[in-house]
Amino acid sequence: MTDTAPALDRLRGDAPPRNHDARTIAALTANPGCARRGLMDAAGVDKDAVARHLGFPAPFGQSQFAITRGNGFEQQVKENGCAELLTLLRERAGLDVAEVAYDDLEVVAGGEGRELRHARTRALLGRALDGDAGTLFDHPLLKLDIAGQPAYLEPDVIAFQLAGRFHVVEIKSFAVIDGQAEPEQVAAAARQAAVYVLALRRLVAELGHDPARVSHEVFLVCPENFSNRPTATALDVRPQLATVERQLARLTRVDRLVEALPDGLTFALGEELPETVRAVEARYAPECMASCEMAIFCRDEARACGATGVLGRSVRDDLGGVDSVAAALELADGTREAPPELAELAGQLRTAARLRAEALQLAAAGGVA
Amino acid sequence: MSVLTSLAQVQAAAAGVAQPVATVRHCHLAAAPLVMVPLKMAGEAAAPLAVMLGSDRAAPELLAVPQPRNRDLRFAFAAEFAKLVLEHVAANVGAAESLGEGKDGEERVRYTEAPQILLPNRGGVGFLRLLGRSTRFRRTEGPYAVEPAVPALGRWLTWYADRHDRPGSSLLLTMTETLRLHWATGQSSLEDGNLAALVGWIDPPDGLDGPAAARRAEDPVASPPAGPATDPTFDNEVLAPAIAAYDGAGRDPRAEERVRDALRGQLAPTWDLMWRSVDLLRTLPEGGSVARRWERDRDGFTWFHRSFAESLPQPRRDIAVRAARRLHDLERAQDAYEAQRAFDDPLVMIEHRLNGLAFGGVVVGGDPARLDESGKRPKLRPHLLVATGDPVRLDPGATVVNAARPGLKGRVLEVGADGVLVELTGGMGRGLVPAAGSVPQVGERVVFTSLTEGSFGPARFPEAEDTPWTHGGPPAEYVPTDEDAQEDWS
Amino acid sequence: MTLEADALEARIGELRAAVRRSMAAGDRATARRLRAELREAERSWDAAVLGGGPPARPGPQVREQALRALDVLGAPAAPRLVAAVHAALHGGDITGSRLANLRRDEERAFRSAPHARAHYVCAALTADLLAPARGLLTVGSWPLERRVVGRLSARTDFLTAAIRLAGHPRHGEPAVQRLLWRFAANIPGASGGALGTVDAAALAAAAQAELDVHLGADRRERAAAAARAARLGDAERLFGHRLRALRAASGGLPHDPSDGERR
């Protein structure tokens, strides 16, 4: 890994490595097969800045109403020593009445410096592991190594201690209605929480304790039905943990990609940027729009090449993985010879094309097939 | 998604314009549907912001909540919304056709019309569902009382959202799903979810092609999103200041008008798109089985409307038996709907021809007057030889029907190099000579298929009282509780 | 609608679209500049069409309201709770942002004229570092043991506040009942009155029962911290001890050479 580090630094150019948070780390797990993304993430390139420089900015911005609602709900759950959260955890997780200790890690001695907060987080969590009491830890600051760079994770999460084990708590403002919430929102929260669990486990291990003392069970706190009353749901994030760990391991294995690149290539924002980006192959699919800032650029590139990937993964699969629109059409009209593994598909395409043309012609003529 | 639809999509991508995947319209379109474009407040479960609705494209009504955090204003909105929706429902309760006496001796009727609601996209259905859930349990007396129209609205919205799930129903249609049923674009289904982009591919404005029209549609400033979610930059730069001004001006009507204007600007383009979509769909002739499915819809509406007064609001969760029955019904409805569309539309039937469950071609030979004299009495059993290039996967003995006229039944005898030999077994009239025109002639194009409308019979489900303990035992009678009505609306 | 208003509207429309486009592209600098122009145009439109509204009048002294509410609560409390108590007993709002600035304003006032007022709205001090605790207000004249907060203090202060409010002579009023309900819902054994009402006696008893569990440990921690806090300079004792380096870097407050020296 240390071999590639200087190469990756050069790739990134003179820009500082991009700041990750749990959401962007969770997004790293999408589209593992994309070399362009893999390399940019490993080098810590700011994909947002690159996309903007290339003229394809990613849509930006969150509604202030949503932000206010989210902050307001979080504040409400946490106010007065997390009174509402304590009530929930007592009911749902069997927290004992005596377990009410509250430690604020958001601000240390009137300052919000990251190193200070992280040091204090380590200290307090270390003491808790050693048997000292401590129940709720508000806004702990965790660190996670992403491709050789430290990422500071500041969850709107509280790790609480129950029977010697830490549980991550995520407060989200989407509603749970009649016991159910939007699956994509729950999935995103689970992925994010898994990143926190991972970071917390690594910290616990560094402090010389068993990482299993961080539970894989996280608590999701959401408004209930149409009110502001919170409700807590336990989530098992083992599957998401495995995915994140796999993807982080993959980030370190970019040696081959780096070797294959011409010397002097860099993602620095400059004239050669388009050339650099195009030199590394992408694997665009519509799912990229939800997880990668380069999506609009890659979509435009894929469209210009007439790639079938822009139509979606299932369409591409239906077409037997045929990469280009032109190739698919040539198979369908018989002007392209199909390789043996595509023979059956080509036959289907030809029949389909013939039948469509026939049916449309008859319909235009007012006839009946 | 299949090879067929994927082919249509690559064809569209190459042509720069959407390609038809249907030759007839597979849904009912009312003469005056209620078009509805809702907007919801960001960050909330189901807080309505505004809705533009009406059944006359020249006269949309705009309902708006100038301060969505104000409970009174929200309920005033709900009451007005209820009034308009209930009016539309009532306008469709007019004439009824008599269906004779039912088993219990009571007269059965079916209304000749049913109210149809059109929404831009699936997000709108989810929003109506949540709005229905948040209003149907409200009490009309005591603390937190609301006007009686509000819980009524909730029950209707819930009913409509449930009907949307039923395959083949046209009571609640979303334009994105309905248009995609009839056209394939050269963009992904994700992009098709943007109504403006979808319509841009189907009917690009002068001088533009599909992709260019879609690009323009993705700019939220030029082309406001169809909702229910608003664009964040609109929220932050336009709406929030307008709402703040409304708060600051002490409910001044001119400040309210500023909020309404901002919302109208977001809704009006989608309103126009909705009616353009209706126009596009009307260019297609109605499919043969659409009327039959609309009859089922009218039955449902008749039943729900007539039993409304004595019924309770729909419970939060289905009881076990009802859930299983509903799932079973939905599966049967899906099969029937797919089969009906194939029979109505040769372009859809191609799907089954590619799967080998249907075949088509020209009649090249046979014996149109053949009699089978092997049994006690002679039977009319014509033979047809259909030359086809389709990949037939039917075994000899398989029962088939004529796609254009399903009454004509037959059996596959042999699938050979020169075609498929079919023995006709019914639908040619009573006598030993086929009725005129009932047997396809040599040179005619025919399509035969093994598809039938509905593959399994009604399920045998226990009565609710006998729900087995594995499914929670017999359900308690649903009685609306204080808790239901007491829910806060944040 | 005058021509002026029409022209303003057109300009507002253009500016809005431009701001939205720059924000969507992530170009904050341009957006900020355009937004400033937009606000000007909107203000002119408001003035032209809505007529200038009366300027927002500052209400009665926020600090007096806060001091009164804290007096009722008798324990360190967050601005939102202070505002809620004030609203329940006296009606009307103190907006949260004004309260949030209050502590900073009080510190400035104290440093420029120490002890000029009888009572100050102050910070609570964290037991370990004697730093200003985030989001808490206290009254300067309270005994130090009450003004320092340890790990269990957030909970014990919540329970203390519940007991004090339940014992308030006006506890039966609807506004106070609503406030009491928010406590009762989060204290085991406290809820159970008729729908919409809170049994004040039951609430006080339940709060006391839980308080008894935590009180010993809490008092010990606070007593030890109070002893150390007593050795702080006046300003730091009231407003908390921040790490020197950070304070100098923030540059907001005048540097008082006397405080922090005495330890």
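Labels A, B and C are assigned to the chains in the order they are written; within every chain, residues are numbered from 1.
Keep this in mind: a residue touches a chain if its C-beta (ideal position, glycine included) is under 8 Å from a C-beta of that chain, and two chains touch if they have at least 3 such contacts.
Just so it is clear, the model here is predicted, and its values are computed rather than measured.
If the chains shown are joined wherever they touch, the resulting network links each chain directly to all the rest.
In terms of C-beta pairs in contact, the better-connected of the chain pairs B-C and A-C is A-C.
Chain centroids computed from C-alpha atoms place A closest to the centre of all protein C-alpha atoms shown. Rounded to a whole number, the gap between the C-alpha centres of subunit A and subunit C is 36 angstrom. Centre to centre, using the average C-alpha position, subunit B and subunit C are separated by 53 Å. The set of subunit B residues that touch two or more partner chains comprises 233, 236. Residues of subunit C in contact with two or more other chains: 23-24. Contact of a single residue of subunit A with at least two other chains is seen at positions 61. Across the complex, subunit B meets subunit A through its residues 1-11, 13-14, 20, 23, 41-46, 68, 130, 133-134, 186-191, 211, 230, 232-233, 235-236, 240, 316-317, 346-347, 349-350, 353-354, 360, 389-391, 403-404, 445, 447, 487-490. Touching subunit C in their complex are the following residues of subunit B: 143, 220-221, 231, 233-234, 236-238, 241, 245, 248-250, 252, 254-255, 482, 486. On the side of subunit A, the complex with subunit B involves touching residues 61-70, 173-175, 177-178, 223, 225-229, 286, 289, 303, 306, 308, 310-312, 314-315, 318-319, 325-326, 328-329, 332, 345, 347-349, 351-356, 359-360, 362-363, 368-369. For subunit A in complex with subunit C, the touching residues are 48, 52, 57-61, 75, 79-84, 86-87, 90, 97-98, 100-104, 106-111, 113, 116, 133-134. Residues of subunit C that touch subunit B in their complex: 16-17, 19-21, 23-24, 35, 38-39, 42, 46, 49-50, 53, 195-196.
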